[in-house]
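Letters A, B, C and D name the chains as they come in the text, with residue numbers starting at 1 for each one.
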Amino acid sequence: MDYSSLAQKPLSEVTERTEITDGLVVVTFRNPYIARLARAGQFVNILPRVGAIDPLLRRPFSVYQRSGEAVSVIVQVTGRGTALIAATMPGEMLDVLGPLGQPWKADSTEREAILIIGGVGVASMPLLTEVLKSSGKRIATYYGARSEKLIARHGLEAIEVATDDGSAGFHGTNVALIDQHLSEKRFSNPKLYVCGPTGMMRAAKALAEKYDIPCELSLETEMACGIGICQGCPVVADEATFAKTGKRFRLVCTEGPSFMSNAIEL
Amino acid sequence: MDYSSLAQKPLSEVTERTEITDGLVVVTFRNPYIARLARAGQFVNILPRVGAIDPLLRRPFSVYQRSGEAVSVIVQVTGRGTALIAATMPGEMLDVLGPLGQPWKADSTEREAILIIGGVGVASMPLLTEVLKSSGKRIATYYGARSEKLIARHGLEAIEVATDDGSAGFHGTNVALIDQHLSEKRFSNPKLYVCGPTGMMRAAKALAEKYDIPCELSLETEMACGIGICQGCPVVADEATFAKTGKRFRLVCTEGPSFMSNAIEL
Amino acid sequence: MAEFSTNGKAVDMSVLLKHTMFKNPVLVASGTFGYGAEAKNYCDINKLGGIVTKSVSWKPRVGNYPHRIVETASGMLNSIGLANVGVHVFVGEKLPYLAEFDTQIIANIAASSVEEYRDVLEHIEANATKNLAGYEINISCPNVKDGGLSFGTSVERTAELTRALRSATDRLLIMKLTPNVTSVAPFAETVEEAGADAISLINTVVGMAVDHKTRMPRLSTVTGGLSGPAIKPIALAKVYEARKACGLPIIGIGGIVNGLDAAEFLIVGATMVQVGTANFANPHAGIDVVEELERYVHAEKIGSVRELVGSLKVDATLRAQGW
Amino acid sequence: MAEFSTNGKAVDMSVLLKHTMFKNPVLVASGTFGYGAEAKNYCDINKLGGIVTKSVSWKPRVGNYPHRIVETASGMLNSIGLANVGVHVFVGEKLPYLAEFDTQIIANIAASSVEEYRDVLEHIEANATKNLAGYEINISCPNVKDGGLSFGTSVERTAELTRALRSATDRLLIMKLTPNVTSVAPFAETVEEAGADAISLINTVVGMAVDHKTRMPRLSTVTGGLSGPAIKPIALAKVYEARKACGLPIIGIGGIVNGLDAAEFLIVGATMVQVGTANFANPHAGIDVVEELERYVHAEKIGSVRELVGSLKVDATLRAQGW
């Protein structure tokens, strides 16, 4: 991968901005390079304010959608950086670097894909769905959210919803729902693809162990660089990996963001 | 003067933005309080980015015009703060504190007022012209600029132009032109009102001494607060003032921005 | 005060420093609020926990030549040079003026010898007003040759000075420490032994700026003192170090612009805080800090701001690291 | 190189450090650029003056537990904990890889004893590649218990270490100093006497951040190292202090994000600079700094970047103040 010509022009014009609900915004920008190369599960790194030294660092976002030369990210406002990015208006510029990280390992042999989504963890799922569909997997999507209006269905398949407030679908966590469905033997050869808050990821990891099924988790850690030069974004490797390789940590930005659940500690 | 009710709402909506030329912009915002109270020569203090901690400090600007509830400043882009303020678009907010400082001492007895303007030093002159006109003074305005397109004639009277490049009017400095006119005895009882770059202010101060006429200079110094609490904006007091009062410095923000030329050192 | 209530009870924002009660833990910092006369047009001073006045010396000081300030990334450098009216005008005009407010006043003193510090303190003590809560001793001004930093970087001289002043007053004696030392811990220990009631920290950090156009320093004194949000992480680390080193109450200072910044200092172990540079861009900053801190205490569902003090959950963190 | 010319002559960006020529004075700082493999996708490494590699120790180090970084006002804190591949992988894989680039390589070493520092240096020396220009000795890492800071805060141990390493190499020996001391001058003097070729400064400033929601420290080690634009004023002041204290060439580090920042360090007295944290948001930062510095030199109408070094006009300023 050689970025040298294109990645030096990270300035990307925002072409669309859609508010899903208060504090949850889809921002679309023009970046032919990222649009062409990005694969499901990779992310882009966005500077909250072009040219500013405060905020100093970029913010990572999964590639949510792309079409033609346009790339979209779905931004949940959680602090000052996301607030600035979510407020960017069409015509304004964003400074975007990417695509970064490794794609979902969607080419594994299992015939069924269970997508487990918590909140804005939906971000990498439309592209994943696309890949899984094109390779003929059976997809089941379990989407947990605080309430119905926070659900972004676009690009997903076979969605089962679980909401904390019971405003739609199953009243409870999506992991509890999958547990039920797994125990009912609704799947014969599944793999879990998981992205959401840490608590949900831990539950999914436990579920995978309980039913002995492969499970891939897409992680979020603070990142200073996103490209493997700061060592700031480690996740703890599992004991077996550590014993074998001496590697206590793995970098989420370059080795991840997704890891097999048995390769890491959470 | 009691700001307590109003000064706590410094957020002012920009209603108009006019580019005079590249890097010279008139920004108009709605602020009834400032519009009502501001007097010629006073300034407002504008935070470059609402809510940001970088840039940290406000930037001072003379009140250029006002009408109804609207206040205008004329901004010359010289650094990152002025760049941000000049780029503020109608509908966006500015955080403005004011009016601050003392007005021009325009009620002095001289019958003629010579306004000496260098570049963006024009900013306080339209309001001054208004006051001088209403008290029946004869006004002569000497406006020096690098080139013709940098001249903002609005609200001025009897303008003689001097340009560095000779693109309009006298080819040379405005102070040289006034010197010529004073030596030709075109004025009988003048006072000088001066605002411009330090070099021009020094020349005007020397001119005032040469012809023994009163001269008021509007100064610019770096300001952290603009309201007299940081002590960051001093100008050196002349020896006589120092000997009399023990005050070596005077604060430009609260005692100025304008001072009689014989009361300070430049 | 009690805008919020927890389980029907009001949020208690008051703090006690030794024998002195403050209505809340938020003071405005020395040199960043004048003597109240200007700032009162922008904020209701009576809502502040207190005012620390500009450093006062025996004689008036005119301060340094311009340029005295320069903005830096999320901060500023200053080299005011302790410009002040001198102790006689201070007790004659400023203290009586400040006595009109319903808030605590702490007189900050800067001097160049133990004797001068003591003379100034005694003169104020002899003319004390009803809301004079005590003294903050500036041994940490980096911007004048005789601004006390020769005390602030010597443990022995700090001890000597603290003892000399302790015997001169029963009011609060607060020693203001500098961050410009390898370790602040020995100073905190010393000051405690010598009888001070509290320490405040940090004063500004030595810094410098250059104009690449003129190739001249941007301050007349070449170096100056860095303040503002840029230094908040440094200040928190110093408060944490001092917290571990001594049992004295700490007043945390450095880069506080909002109530959550203040909460962070309290969590790390400060009993009170001071708001400095933030007043320049927002003369209402002190009040904003009080109000946001109060909302935070309310949201945390604790009855009193005092429960925050030193509530940092640090053990688990360090244990995981094997430190 | 020579994009611009002055009076028909090219702008000369090269600098000489003792016997070693650098094509320009801009290095990328240790720990902020990896070993070139990732960053080469974003910038043309051959345009850099050189690369200072991540601190290497005798054995590999896994580094600290998360969380390792947190953003602060115009800066960041890190507590990476000297995670590195160890000297054997370093000489086996990293140095040969870096030898492919047409730029100088400076190997940064961190260790916990004089012996370990010396062993690492000798092992690299024995496996030196053609573009290995020398060593930068990290005695200033604030984030690990044995990260050299016990050296960096003791003049005696710094002297001892410098002497021990001096006798082990004829390549450049650069001692990297910490800002976390009361005065950097004695360290600069000592290092000069002990035979180092240059000093580099500053390493990060000790700082801390707290999460007001969880009341936990935001770094697993509680405190960490502050870097980025926030610390530039501190770094400039330390370079200025060191410049007055010794005659050694100085490599200025701290908060540089553009060519004008770099120019400021040169004006104050640095011969070279390093770009650190800026690489994280902009992996092209090093090149941007080189190019803007070159434009600046051109605009200043001087023939060589070397004419900037120490060109600070400070006398008039200080005289006006009566200092």
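Here, a residue touches a chain if its C-beta (ideal position, glycine included) is under 8 Å from a C-beta of that chain, and two chains touch if they have at least 3 such contacts.
Fair warning: this is a prediction, and the values are worked out from it, not measured in the lab.
K.L.:
Would you pick out the chains that touch subunit B and also touch subunit C?
P.N.:
A, D
K.L.:
Taking CA centroids for every chain, report which one is farthest away from subunit C.
P.N.:
The most remote chain is A.
K.L.:
Can you give the whole-Å distance between the Cα centres of subunit B and subunit D?
P.N.:
Here subunit B and subunit D have centroids separated by 45 Å.
K.L.:
Using mean CA coordinates as chain centres, what's the gap between subunit C and subunit D in Å?
P.N.:
Distance between chain centres: 34 Å.
K.L.:
Between subunit A and subunit B, what is the separation of their C-alpha centroids in Å?
P.N.:
54
K.L.:
Centroid from C-alpha atoms only, then distance subunit A to subunit D, rounded to Å. What do you get?
P.N.:
36
K.L.:
Can you list the subunit B residues in contact with two or more other chains?
P.N.:
Residues 53-54 of subunit B each touch two or more of the other chains.
K.L.:
Going by the contact rule already set, what residues in subunit C reach two or more other chains?
P.N.:
Expected reply: 65, 73-75, 228-229.
K.L.:
Based on which chains are in contact, what kind of graph results: line, ring, star, complete or other?
P.N.:
complete
K.L.:
Spell out the part of subunit B that touches subunit C in their complex, as residue ranges.
P.N.:
Within the complex, subunit B contacts subunit C at residues 1-4, 7-8, 47, 53-58, 97, 221-225, 227-236, 246-249, 254.
K.L.:
List the residues on subunit B that touch subunit A in their complex, please.
P.N.:
52-54
K.L.:
What does subunit D use to touch subunit B in their complex?
P.N.:
73-74
K.L.:
List the residues on subunit D that touch subunit C in their complex, please.
P.N.:
Residues 64-65, 72-75, 77, 145, 153, 180-182, 205-210, 212, 214-217, 220-223, 226, 228-234, 236-237, 240, 255, 260, 263-264, 267-268, 296, 311-314, 316-318, 320-321, 323 of subunit D touch subunit C in their complex.
K.L.:
So in the complex, the part of subunit D that touches subunit A is made up of which residues?
P.N.:
Touch list, subunit D to subunit A: 31-34, 38-44, 60, 62-63, 65-71, 73-76, 78, 80, 83, 228-229, 257, 277, 279-281, 283-284.
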